[in-house]
Amino acid sequence: MHNARFESCIKACLDCAVACDYCFSACLEESQVQMMARCIRLDRECSEICRLAASLMASGSDSAHALCKVCADICRQCGEECAKHEAEHCQQCSKACMHCAEQCSQMAA
Amino acid sequence: MHNARFESCIKACLDCAVACDYCFSACLEESQVQMMARCIRLDRECSEICRLAASLMASGSDSAHALCKVCADICRQCGEECAKHEAEHCQQCSKACMHCAEQCSQMAA
Amino acid sequence: MHNARFESCIKACLDCAVACDYCFSACLEESQVQMMARCIRLDRECSEICRLAASLMASGSDSAHALCKVCADICRQCGEECAKHEAEHCQQCSKACMHCAEQCSQMAA
Amino acid sequence: MHNARFESCIKACLDCAVACDYCFSACLEESQVQMMARCIRLDRECSEICRLAASLMASGSDSAHALCKVCADICRQCGEECAKHEAEHCQQCSKACMHCAEQCSQMAA
């Protein structure tokens, strides 16, 4: 793949999207869904934004940097929210989000 | 719909996405595809970003404003590129893009 | 627009996506989120599938019919789930889903 | 991750989406864009469908199987089209598509 400098950021975005999708589903099955409402909302937004950021990077779009900035922000928000919850899916999602936030911040710089 | 202030911007984004999708397809069927390469690329990016912007607005996401800013930029680029081509699909797409760019700029402000 | 026979189905899909996005957000703010868990899940899926179906139709994709079939199914499920809840956002979403299910079924036929 | 049986199919879909996005961009820069028109169209559709399929699987959607069936079809079409072109990006994309088609077919079964 020619656009090698994007590769680790693309991977971080796609890993984050999968972690968010899984966390979204698991949150909806928790006994205390009420407590997870913000997590559910952010998981969904983060997944969609991450997937689009990955696609724009992979296709060499000039808008990739601008979307990575938005992506870094939502990843940070989602990562911080998930960090508050003890559930394994939230803890793993938080890690994936924080890693992606870092990668996207560098890409957006 | 409660988030009425978003309504006209959501509509502009979805109309723009449809115009871009249609223009994308029509460009690929032109006899001079070469000349339409940048149009094809921007149509695709613009469609995906518009659809996500509309969804974030409709779901009341805190990231909607940030995405509208990115959306205004891609709409402007796509609208300017399409304006260069005489084909009806490009002219219509350009109009939809420029209208959406305006709406999204206001939303992002 | 040349692909006029798709127009009413595209409109139904995009209207449905917006209704689902709005319902998703409103469900997360209900006092009894627990009861809305299935609604939240289906709203999200339905929105994403509807937006993709609309885009495939607008761009004249050969896969549009196949996706409309999947879309009709998720719309029906989401419409039936939303119909169970009295909230205005659920009732409106149910109507948009049922209309879209009908349109997509005809398109898929 | 609980839904382990989906993992390899999710990975195949996301790898395929990235390969398609990259191929889409590279095709638009070829000297003979005309010849790549069908490739460009299918790359785009395949990328969007693959990303949605991955997301539905990761979030445990009941619609995942139905979308995997659509995904297997578009992957096969895109893989066959790309196989006709000698460019490295097309050859790699073809492989990713064919692998994803296989994984999605099994998932849809």
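Per-chain residue numbering starts at 1, and chain names A, B, C and D are given in the order in which the chains are listed.
Definition applied: a contact is a pair of C-beta atoms (placed from the backbone, for glycine too) under 8 Å apart; a residue touches a chain by one contact, two chains touch by 3 or more.
Given the structure is predicted, the values throughout are model-derived calculations rather than measurements.
S.K.: Over half of the contact pairs shared by residue number: find the pair among C-D, B-C or A-C that meets that against B-D.
M.R.: Residue-number overlap above half with B-D among C-D, B-C or A-C: A-C.
S.K.: Consider the two chain pairs A-B and A-C; indicate the one with the greater count of contacting C-beta pairs.
M.R.: Between the two chain pairs, A-B has more contacting C-beta pairs.
S.K.: Indicate the whole-number Å distance between the mean C-alpha point of subunit A and the mean C-alpha point of subunit D.
M.R.: 21
S.K.: Between subunit A and subunit B, tell me the centre distance in angstrom, where each centre is the average of that chain's C-alpha atoms.
M.R.: Roughly 24 Å, centre to centre.
S.K.: Touching at least two other chains at once: which residues of subunit C meet that condition?
M.R.: 24-25, 41, 44, 48, 55, 59
S.K.: For the complex, which residues does subunit B have touching subunit D?
M.R.: 24-25, 28-29, 33-34, 37, 40-41, 44, 48
S.K.: Which stretch or stretches of subunit B touch subunit C in the complex?
M.R.: Within the complex, subunit B contacts subunit C at residues 1-3, 10, 14, 17-18, 21-22, 24-26, 47, 51, 54-55, 58-60.
S.K.: Please name which positions on subunit C make contact with subunit D in the complex.
M.R.: For this pair, the touching residues of subunit C are 41, 44-45, 48-49, 52, 55-56, 59, 61-63, 66-67, 69-70, 73-74, 77.
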